[in-house]
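Shared between the two complexes below is subunit A, which has subunit B as its partner in the first and subunit C in the second.
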Partner chain A sequence: MRVSTIFKKCLGNRNFILGSSMVGLMVLLMVVGFFYMPYDPDAMDTEHTLEFFSSQHLLGTDQFGRDVLSRIMEGTRVSFLVGALTVVFGLLVGGAIGSLAGYYGGKVDEVIMKLIDTQMAFPGVLLALMLIAVFGNSIQNLILALGVMSIPRFARISRSGFIKYRDAEFIKAARSRGAGDGRIIFLHILPNIVPELIVTSSLGFAGAVMSEAGLSYLGLGIQPPTPSFGKMLSEAQGEILKAGWYVLVPALAITLLVMGFNLIGDALQEVTEHGR
Partner chain B sequence: MMQKRILSLALALTLLVAAFAGCTGSGTGSQSSTASTSQTSTDSGKETLVRMNIGSEPDSLDPWQSAASDTEAIMHNVFEGLVLYDETGAIIPGIAESWDISQDGLTYTFHLREDVTFHNDQPLTSADVLYTYNNLAGMGGEKAVSSKFENVESFEAPDEYTFVVKLKEPSAGFLSLNIIAILPEGYEDQATAPVGTGPFKFVEYTPSQRVVLEKNENYYNKDRMAQVDRVEFYIMTDSAAVVSALQSGTLDIASIDADDASVLESQFDIYNSPQNMVQIFAMNNSVAPFDDVRVRQAVNYAIDKDQIINTVFGGYATKLYTNFSPVMGVYYNDQLEDSYDTDLEKAKELLKEAGYENGFEFTITAPANYQAHIDTAQIIKQQLEQIGVTATIETIEWAAWLEDVYSNAQYQTTIVGLTGKLDPDAVLGRFKTDYPKNFFKFSDDEYDQLITSALTEQDEQTRIDDYKRCQEILTQQAAAAFISDPNLVVASRKDLKGYTFYPVTFHDMTKLYYEG
Partner chain C sequence: MSNAQMENQQPLLKIRGLTKEFRQGNDRVKAVRQMDLDIYKGEVFGLVGESGCGKSTFGQMLVHLLDPTSGTIRLAGEDITRPPRRERKDLCKRMQIVFQDPYSSIDPNKTIGWLVEEPLKIHGIGRTQKERDEKVGKVLQAVGLDDSYRTRWPNELSGGQRQRVAIAIALILDPEFVVCDEPVSALDVSVQAQVLNLLLDLRKEFGLTYLFISHDLNVVSYMSDRIGVMYLGSLVELGDSEAISRMPLHPYTEALFSASMDVEGDRERIILTGDLPSPANPPAGCPFHTRCVACTDRCKAERPLLREFEGGRFCACHRVEERTGLKPVAAPEQKEEKTE
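Then we have the complex of A and B:
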């Protein structure tokens, strides 16, 4: 199916429209943040703490009197950075080992998949906690941990794609014309599983944003005062009796991002599967 | 995939809900069972009841197994030592009605009261005291329960109501060790059914729910007789749950977060007092640039403690000037107040003298599980920026903090709370050069001498002066930035009076009474 037809079908899909407007809103906040922010997101004003929405502070101020809107704008950068790098990491590493396992099969497949299964047996958050405990608390290690967590997802998808196509007629034809493994993997099979990988990426992105929020809620990964949605959520929880609205702001930001990417992933899946 | 979407959505919602979950957290299970008794507590003539919270599960009811201060805070109502302490931390008679100390400071003779009985109606004699102390110090083939009694030469019980301790070396801090619980000889079930001599008797403990105590009608000291009949401590780990329990009337009095005081102050009486803790911004005195006293002083001048107290502790904290809380009464050096009033110009000048005209960069290593310290770090970062110094905050796990910072002093700066002790030596001794956990890497000859001599000093006034001088040295040398003593905050029903604070964590239930 051609890309333009997929795109057209997407525009007709309600989930896609809804999802991309949610993500679009967050992207907009991030992009605007690069050029203009109402306040320095780390600037404290301890005279004006936990103020409700007003014309000076559109989304109010936090417990240090920092502007919540500016912090959300900066927080989107963290979320997108973590999400994107995690997906890239998972796609490259998971995709590569999944392809190898699927294409060559046999012993290679067995060994790789056993390792993947072993890794899946670890709860993701525990794995991340362990990595952070061993290598230190920083955004690099957080991304590494989330990237490692996302490997199985990509590995399994690409493996099943490769198994599906490796014995197909057109691959046999290519092989009989003398095409090497590399050529078959990259030029003949890979393009066919791109839709699945895109869907997985979209869902993986949502998962990464979610995990990052979860880990920084626990105080891991992003270091203060850099804002992150999870961190803001946990800070807001401490003030819930005094300023209940504050907790809603980061919660809404997380919900928009995670739901948005999930809806997009679903829509893409629907669209590409109907085509077959 | 559909399942996955639902799962993700559910997770997203869970995070949202998690923030509210505190309201319905632990403790709810037990609240329903007590709701019926809540009305009776005010009716005169009926049994009076006080319900309070504690922040963690008791580690053990057996005082020889327990180390947690939360457990001590409630079980000190059940157990008593030869001596007790009052609100100022001064030692007062307990099971021993008086004591004599020999001229050389080596022999302590305790005269026991003759009217003390354990909660199991067994009278207390010197045999019980001897049994307790032999176990504590590991005499007579027993394994030592406490490491604090290594200085003891021998224990004797010459008659039924006299107990004699001989020390190897004179120790001014020895008397305060005798607050430790006296247990009945041969009683084996302390861990399940504790028996002591205190004003309250143990009734029951339901794990993760509550500990119940009741009034000891046969208590020997009429002045410390309990004024309420029954006390229930509910184990609640979540601060929001405590607030809603107070508001719904399932707790009568509670320790709360300073942050929550403003929510409760209209309906409840709020009591607060310094808790004898030192929240400290520790600078590693052995690494550059903090090895220069001028840099440390500059940092002290740049930090605005009031801003920290108001923002992080909602105003419920006591400003400190040295490594000592004013709650420690006689030993506290009040001459140091107002040293290092915030003065940015002076701070910049000192930095310039030290050769850091253009500032420097450093890391604050904060323990990740203490939000108050992380918040303080964020404010300090902001404050130091004004003198051109750039801080990076790094949060680390508590276990890693204990290892890297506390044990090995591998850090530049950190923020932590040093828990207070009744003995000033335990508080100030942390800064002695050869103290194993001197993670400040502070070292001063005069200071070391004073700490050593004060320990064996027999004259109380000289000892007080020594400790005051020690505090002065810490301030002058800017061994660290001493920020505040976060106050303990207690919210109490308006008709429940008498809550009293002590320099160590102790919920003294004998002082509580209902008005009218």
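Then we have the complex of A and C:
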């Protein structure tokens, strides 16, 4: 199915509309943040700590008197950066590995899939913890760890796509016209599994945002004072009795992003499968 | 084309002892066994048989989609059984294939213009886009599609239109030989005749030679100059299309004609019982003896060879003489194949 048809069908899907408006809201916050923020997200103001929502501080202030809205706006950057780079990494590495396995089959497939299975035997967060412990605590390592974690998912999807199409009649037809492996892989099979890859990317994005929040909450990954949703959540935890609303703000931000991308993923899956 | 004409010619394709085995677990299944066949330039050779008899496997071996286990294929005298990579690509320009199902044999994600142009790009034909566009336009016109189809997508086309596109893609490289692998079986009956006539017109226009594979005897006898009948991976009868339909020699051919016979036919209807035996475990003796109406003890023990009979006809049956009165032309070749 072509991307234009998929897009048209998506516009009629309730989950897609809901999901994309959630994600859209977060994107809007991020984009506006590049040009305008109500306050410097790192500026402390000990006079006004843990204030409830007001016209000065739309989403209140944290225990150091920093403006929560500004911190959320900056936090979206981290989430989107981590999510996007993780997906790109997983898509490139996992997609390539899976395509090779699926297209060539046989021994190549067996070896690659055994490696993937081995990696999947490790719990994802444990793997990330290990990588961060070994290579140090930085955003690059966090993305690397999450990227490595997302490889199996992409590899499996592209492998099954390639297996589905490698013996298809139109691939045979292309071969009988003299098309080489490169042409068949990139021009005939890949465009046909784009819908599946988009779905996986969307779900992978949600997963990466979630994992980043989780690791930052544990104090790994994003380091203060850079705001990140997970970090804000853990800071708010200490003040939960004094200012319960403060926990809700980053929690809501994470929910919007993760749920938004999951809804988009589900909707795409629905749309592309019914269309076939 | 008459027999006399053909005898003066070198065959375009000369196939000898072509065999394809597939591995199925520990078993080896002979999908095609020891096929000998000559296909002459300009003819339509019809290959008919039930599904699973190996006719598509045979066709795909000719265009190198499958590698034969043994045997040789010669194209205009040149051995093309196992060509090196480079030559394999060049051979695509000379031999093409049209598949059965135009819904699955066309990439759904490309426009018609892109698909028809692709072979030109693969083989570096036509230096400029304009040159290639002209060629695409010409071949689309030849298959009866106008220029507006270039920008259309496969899912906007009907089965017949799609098959026309598939034919255009096969013809754009200007091949000498085209394998038509059940090209109309997936189409509506109303469209079948159009596509068949198109194929016949194109043969004249482009000077093509066809191997026409089908399970439909009516279609094959309409299309072909000569017919080969396949059963369980080997030829059981071969001869002029007209002669075969007038008087089939092999009981299997007879049964096929009887099954597709019109109501006014005066021959008694023969109904085959039982299924096609598994090629993994073929019956001993004549492969057809399990379903044959004229089976004798000899048929159960000894595998008949393809023998030549009067009138340039070939048949692999022990009982041709007593059943039809035709005399064999020469003693059968001593090339007994062991029956496993």
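Operating definition for what follows: the second predicted complex is superposed on the first by the 276 of 276 C-alpha atoms of A that agree within 3 Å, B and C clash if a C-alpha of one lies under 4 Å from a C-alpha of the other, contacts with A are read in each partner's own complex, and residues count from 1 in each chain.
Definition applied: a residue touches a chain if its C-beta (ideal position, glycine included) is under 8 Å from a C-beta of that chain, and two chains touch if they have at least 3 such contacts.
From a predicted model like this one, the values you see are computed outputs, not experimental measurements.
A.B. asks: State whether subunit B and subunit C clash or fit side by side on subunit A once the two structures are superposed.
C.D. replies: By the criteria stated at the top, subunit C and subunit B fit after superposition, with no clash.
A.B. asks: Which partner does A:160 contact after superposing on A: first (subunit B), second (subunit C), both, neither?
C.D. replies: neither
A.B. asks: So, A:241: does it touch subunit B (first), subunit C (second), both, or neither?
C.D. replies: first
A.B. asks: For A:119, select first, second, both or neither according to whether it touches subunit B, subunit C, the two together, or no partner.
C.D. replies: So A:119 meets neither subunit B nor subunit C here.
A.B. asks: According to the contact criterion defined above, which of subunit B and subunit C contacts more residues of subunit A?
C.D. replies: Tallying touched residues of subunit A, the top partner is B.
A.B. asks: Identify the partner contact of A:175: answer first if only subunit B is touched, second if only subunit C is, both if each is, neither if none is.
C.D. replies: A:175: touches subunit C, not subunit B.
A.B. asks: Looking at A:203, would you say it contacts subunit B, subunit C, both, or neither? Reply first, second, both or neither.
C.D. replies: first
A.B. asks: Given the touch rule stated above, what does A:42 touch, subunit B (first), subunit C (second), both, or neither?
C.D. replies: first
A.B. asks: Taking the superposition as given, tell me the minimum C-alpha spacing from subunit B to subunit C, whole angstrom.
C.D. replies: Between subunit B and subunit C, the shortest C-alpha distance works out to 25 Å.
A.B. asks: Under the contact definition given at the top, report the residues of subunit A touching subunit B in one complex and subunit C in the other.
C.D. replies: Shared contact residues on subunit A: none.
A.B. asks: Can you tell me which positions in subunit B touch subunit A when the two form their complex?
C.D. replies: Those in contact with subunit A are residues 1-2, 4-5, 8-9, 11-13, 15-16, 18-20, 22, 240, 243, 257, 259-260, 262-263, 307, 310-311, 368-369, 371, 374-375, 377-379, 381-382, 392-397, 400.
A.B. asks: Contact residues on subunit A for subunit B in the complex?
C.D. replies: Residues of subunit A touching subunit B: 42-44, 46, 49, 63-64, 133, 136-138, 199, 203, 206-207, 210, 213-214, 217, 219-220, 223-225, 230, 233, 235-242, 247, 251, 254-255, 258-259, 262, 265-266, 269.
A.B. asks: Mind listing the subunit A positions that touch subunit C in their complex?
C.D. replies: 1-2, 168-170, 172-180, 183, 188, 191-192
A.B. asks: Subunit A touches which residues of subunit C in the complex?
C.D. replies: Listed in rising order, the residues of subunit C that touch subunit A are 60, 63-65, 88-89, 92-93, 96-97, 99, 101, 104-110, 118-119, 122-123, 153, 166, 169, 173.
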